[in-house]
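The following block contains the structure, expressed as C-alpha cells.
In order of appearance the chains are A, B and C, and numbering begins at 1 in each one.
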Amino acid sequence: MDSTFFSQFIMITDIKTVIFIIALIGLLFLTSKIKSKLNFTKLMIVSTLLGIGLGIIIQYVAKFPQDPSKIAWITEVSKWYGLIGYGFMDLLKMLVVPLVFVSIIRVIMNMNEGENLSKLTSRSIIMLLGTTAIAAIIGIIVGNLLNLGVGSQVVKATEQIREISPIVDTLRGLLPSNPVKAMAEANIVAIVIFAVFIGLAIKRLNKKYSSIIKPLTDLVEAFYKVIVSVAITIIKFMPYAVIALMANTIAENGIQSIFGVVDFIIALYISVAIMFIIHLAIIWINGLNPKTYLKSASKALILGFTSRSSVGTLPVTIETLTDNVGVDSGTASFVGSLGSNMGMNGCAGIYPALMAVTIANMAGIEMNFSFYAMLVIVVTISSLGIAGIPGTATMAVSVVISGMGMGAYFPLVGGIIAIDPILDMGRTMLNVNGTMTTAITVANSLDKIDKSNIKSV
Amino acid sequence: MDSTFFSQFIMITDIKTVIFIIALIGLLFLTSKIKSKLNFTKLMIVSTLLGIGLGIIIQYVAKFPQDPSKIAWITEVSKWYGLIGYGFMDLLKMLVVPLVFVSIIRVIMNMNEGENLSKLTSRSIIMLLGTTAIAAIIGIIVGNLLNLGVGSQVVKATEQIREISPIVDTLRGLLPSNPVKAMAEANIVAIVIFAVFIGLAIKRLNKKYSSIIKPLTDLVEAFYKVIVSVAITIIKFMPYAVIALMANTIAENGIQSIFGVVDFIIALYISVAIMFIIHLAIIWINGLNPKTYLKSASKALILGFTSRSSVGTLPVTIETLTDNVGVDSGTASFVGSLGSNMGMNGCAGIYPALMAVTIANMAGIEMNFSFYAMLVIVVTISSLGIAGIPGTATMAVSVVISGMGMGAYFPLVGGIIAIDPILDMGRTMLNVNGTMTTAITVANSLDKIDKSNIKSV
Amino acid sequence: MDSTFFSQFIMITDIKTVIFIIALIGLLFLTSKIKSKLNFTKLMIVSTLLGIGLGIIIQYVAKFPQDPSKIAWITEVSKWYGLIGYGFMDLLKMLVVPLVFVSIIRVIMNMNEGENLSKLTSRSIIMLLGTTAIAAIIGIIVGNLLNLGVGSQVVKATEQIREISPIVDTLRGLLPSNPVKAMAEANIVAIVIFAVFIGLAIKRLNKKYSSIIKPLTDLVEAFYKVIVSVAITIIKFMPYAVIALMANTIAENGIQSIFGVVDFIIALYISVAIMFIIHLAIIWINGLNPKTYLKSASKALILGFTSRSSVGTLPVTIETLTDNVGVDSGTASFVGSLGSNMGMNGCAGIYPALMAVTIANMAGIEMNFSFYAMLVIVVTISSLGIAGIPGTATMAVSVVISGMGMGAYFPLVGGIIAIDPILDMGRTMLNVNGTMTTAITVANSLDKIDKSNIKSV
C-alpha cells in the first residue's frame, strides 16, 4: 500500500509542512498571550509583522524559489494557513449579505423627515467616483515619471482581443430582478437597491399604518442588533487570522519573480501612498485629526491589506466607522456597501491607469492629453460596476484596456499579473481607505458624524 | 489610439444613437408634463402610441432594414431604451418572489372556517386549463380557415428531433424540494406550494397557540403591506417605461421580415381577438360590465402587451384585480401567481395550436378529428408547467410539436420565430387577460368579489 | 400522425403501465382503509411489505430482466411511482433548510446559563465519528471473514485515477461564506454554523437588550412551531409514499444482477445488522429499553430504508426523537442536523470499509494491521464532510479508495455499484439509527432526555 496517498489526502507529505503548521500554532498561542498587554491596533501590527516574518522564513527554507506553487510542501502549508486565514474571512463574508440588507433598510426607515436619501446617494457616488478619478490621474503621473514599460517594446499581437462589456449592460446588471437570487449571489448593489425600496416603503407607511408595520420595524432593529453582535464576536479573532493571511501571501509568492517587475510594484505603492495622503488631507479638511483617524481606522486598513478582499472587510469597515470614527451607523452601512463595489480607488483607479500607461509604452502607442483625458473617463466609468472580490482588479484592467482599444496588447503584462497578490494588498487597503474617506466626507456634509467620538483603539 | 473602442464601451458610436436617446428623454419629459392632465389608462395608451411612433421613426431612419440587429446604432439605441424599459421590468420582477410568498401565506392564514382551499385551487386550475383548451380550439379553427402553411410544402427533415419532456417530470419539477432555492430561481409554483403549507399550519395553530404564532402572522401582514406599497410606487413609473419598451420592440424587429409571415401574424391576432371577446363574455356572465372592466384592467393589459412578460406583469395584475376590479386580495394573489405560470391562453394555448396546424400543412400531414382532439389535449396538458418568462411560448410550441410527433418538421417555422416579439405582445396580453378572467370567475363563484368596487382608472 | 409521441409525452406507452398505476392506486386506497385499524408503526411495516410485493410482481411480469431500465414500461411505471414516492420526499426535504436553521437558533438561544454548547458539539461529533470508526472495523472484519473479492483477482488498471479531495478543502467547504447561498444549496453544516452564531448572539444580547431582541426570539419560536406543524402534517402521508418508494426500488433493480454480487450484499447486511445491535446496546447502556426504542423509532428507520435519503428523513428523525423517544427538541435538532451530514455509520462507515477490503483482495494487495488501522482512520476522517443525499456513499467510497492509494482499481467494482439502491436501503437506515443513537447518548450525558416519555407508536 502506498502511504503517500493518505498523506496527500490530509495534505501533509513533508516534515516541513508539519513544522510550519506547528510554527503557526505557536504564533497564534503567543498572540493570545500578549493580547491583553497591547491595544487592538498594536496587536494587529504585531500580527502582521509576525505573519510577514513567518512567510519570509518559509521562503528562506524553500531557498526563494521562482515559483513557490510548484513546491509541494509550500502548497500544503498554504492550504493549512488558508484554512485559518480565509476561513476567518469566510465567517466575515457570511455577515455581508444580512448586514447590508438589514442595515440599509434600517438607515432608510429611520431617516428623519428633513433628511434626503438622494443627497446621501448622490454625494456618496460623486465622492467615490471623484476619488477614483483622482487616483487614476495619480497613476498616470507616477507611471509616466517612472517610465513604466519603456524599453520593453514589443510587436502587436496578431489577434485582437476586445470583449467590451458595455456600460449599459453593467448598469442593468446592478438591478435586483430577484432579491433572493441577488442575496444568494452576494450582489451587493442589487441588495442595496432592494433594501432602499423596502426602507422607503416602511418610512412612508409609518405615518399612517405604524401599528401594522411595527412588527417589521422591530424585527429589523432586533436582527440588526444581532448581526452587529455576531460581527463584533468574529472581529475579535482578527489578529490570529492576520498572521495566517500574511504568512500565506508571502509564502505563496515568488520573491524572485518580483524583481522582474519591481518598477511596477514601486510605482503602484508610490501611487497608493500619494493617494493615501490625499485621503488623509480630505479627512483633515472634514475636521478630523488624520493621526487619530489612522489609529482608529487601522483595524480595517490592516484587514484590507492582509485579506485582499474589500467585501470581506466590509463588516469591519462599517464597525470601525461606527464605533471608532463616530460616523452615524446608517451612513457607514450605506457608503460602506457602495464603496466595496464601486469607485474602488486602488483596484479600479490607480491599478488600471498604471497598467494602461505600461501597455501603451510597451506597444509604442503615443500618449497625448486626449489619451490621458479619455483614460481618466474610462477608468472612472468602469469603476462603477466592478464587484469587490479578490481578482476584480484584473477585470477592471481588462475593461479599461479594451475600452482604450489596446486589447491586443493585454497579454504583454503577464509578468505583472503573476505577482498580483503583492499588488493587491496595497490596492485593497486603499479601497478600504477610500470608502472610509467617502463615508466621513458624506457624513460630515450631512452632519451625521460625532467628531468628539473618534477614538484610537 | 482608436477612439471607437471607447464609443463601443459606452455604446454610442453614431450620432443617431445620441439623437434617439435625446428623443426618448424628450418623450419622457413630455409624459411627465401631461401626466396630471390624463387619467392613468389614457396616459398608458398615449405612452404606447408614443413608443410605437418612436419605433417607426427609428425604422424609417434606418430605411426599414431586413434585419435591424445588424445595424449598429439600432442595437445601441435598443440597449439604451432597454435600460429604461427592461430596467423597470426588473424592478417589478424584484417584487414577484416576496409578493407571491407573503401574499399566499396571507390568503391561506386569513381564510375563514367555512372557506375551502381545495375549491379555490381546483376552480383556478380548471378555469386556467379550460380557457387554454378553448384558446387551442380557436387557434385550430382560425389556422385552418386561413390555410396557414398550405402551399409551402416541404420534405421531411432527415433527422428526428424529439426531446419529449414527460409530463411526470414537469409535475415533479413543480415541487419545492428547497424553498430558498425555489425563491432564488423564482420557481413560482414551488413558492406557492411552500407558502400554502406554511399558511395552512398557521391557520391550524391559530386556534390553540395564537399567542405563540402571533409574531409571525403580524410579520406577514406588515411585510405584505410593505411589498404592496413598494409595488404601487414602482407602478407609477409605468407610463415612462412603456414608451421605451414599445419603441424598443418596434425598432428591433424587421418590419420587412414581417411580410413573409404576415398570414401567421394575422391569424394569431385574429385568434387573440376572438379569445379576448370570449374572456369579456365570461366576465359579463360573472356580472361585470365588460366596458368598465376594460377601463379598469387596461393598465395590466398594456404592460403585458409592451413588456411581453407575464411574470413581470404579475405585481400589476394583482394590484389591478385588487384595487380596480374589486377582487379579494387573497384570490387575486393566488390566481395571479398560478396564472402567470400555467394555462397561459396566448403563449401556451393559441400559439402552439396555430403552429401545429401550420407545420402539419407544410409537412403534408393529414389532419382529422382525432388529430385535432389530441392537439387540444396535448396543448392543455403542456400548458400546465411552462414558466411565464419571455420566450416560454417557443418552449410550449416545441413540447406540443414533439408531443404530436412532428418534431422533425420544427425547423420549418424559423421565419415565424424570427419575428416572435411581434407575436409575443398579443400573446402575453391575452395571458394576462386570461388570468384576470379566471380570477374574476373564481372570486365570483366563491363570493370574493365586491362588484360595486370596480372602477375605471 | 404518430400517436406514440403523445404516449411518450404522458409516459404511458404500454397497457402494463396503466395496470400497475391502477395497482398502486388500489394499494393506496387499501392503506387509507386500514389506517385507523393499525398503529403507525404497524401501518409502516404493512406499507413496506405491500411495496416489496408490488415490486416483485412487476419484476415477475417483466420476467426478472437483467437490466430493468431497458424495459420501457418499467421505466414509465417507475416514473409514476417516483412522482408519489419522491414527490413526498421532496415535500419533506422542503422542510430541511428552514427546520435546521430555525431549530438550531432556538436550541442555542434557549440554552440555560450552566449549559455548554461546546460540550454538545464535541460530544455529538465524537459519538458520530466514533460509531463510524466502529462501523468501519465491523466492515473490515465481516469483509475478511466472507473473503470479499478473493478469486476475482485482476490486473491493475493502466491509468491512475486519483482525485484526492484534501481534507482541508472539505473543512473550508463547510464554512458558510454566504448564508443565503448555503440555504439555496442546502449546505446543512454551513447553515448550522450560521445559526449557531445567530443563536449565540441572541443569547448574549438577551441579558442586556432583551426588549430589543424580543421580536426576533418570538419570531423564531413562532416559525419553529409552524415548521414543526407542517412536518407533522406531511409525515402523516408517509405510509402511502413508502409503498411507492419500495415498489419503485424493487422494480427498478435487476434481481438477476444481484446474484453476481450476492456475497457483497450479504456482507453489507450482516455488517449493518451487527452495527445495529451495537447501537441498541448503546441505547440500552443509556437506560432505555431497546425494544421500546425500536417501536418508537421505527417510523424514521423505515423511511430511511425506503427513501434512501438521510437528509430527506431528517424532519422525521427529529420529530421521532422529540415526540416519541423523549429527547429534548434542541438536542434532537442539533444532532440530527449534524448526523445527516457527517459520521454516517452506513454510507460512510461500513460501505467504504467493505469496498476497500473487496478491492484490495481483487487487486492482490496485501492487508496487514497498518493497512487496517489506516483504513479506519481514512474512513473516519472522510465521514466528516460527506453530504447526506442519495449517492453520497459512492463519493465516500471514492474518497476512501483514493486515500488508500487504490484509485487505479476503482473501476473493478462496477457490478456492485450497479445494484447500489439495494445496498443503499440498509446503509441509510443504519445512518438514521446512528444519528438517533448519538442523539440519545449525548442527550443522556447532558441530562436532556425524559426517559419516561418514550412511547411506542
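Operating definition for what follows: a residue touches a chain if its C-beta (ideal position, glycine included) is under 8 Å from a C-beta of that chain, and two chains touch if they have at least 3 such contacts.
All values derive from a computational prediction rather than experimental measurement.
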item: Same or different residue numbers at the chain A/chain B copy interface, by half rule; value: different
item: C-alpha-based rotation, chain A on chain C, 0 to 180 degrees, nearest 5; value: 120
item: Cα-centroid distance, chain A relative to chain B, in whole angstrom; value: 42
item: Contacts with 2+ other chains: residues of chain B; value: 180, 183-184, 215, 219
item: Chain B to chain A touching residues, read off their complex; value: 1-6, 8-11, 79-80, 82-83, 86-87, 89-91, 93-94, 96-98, 180, 183-186, 215, 218-219, 221-223, 225-227, 229-230, 233-234
item: Chain C partner contacts - residues on chain B that touch it in the complex; value: 162, 164, 166-169, 171-172, 175-181, 183-184, 194, 197-198, 200-202, 204-205, 209, 212-216, 219, 365-366, 370-371, 374, 377-378, 381, 399, 402-407
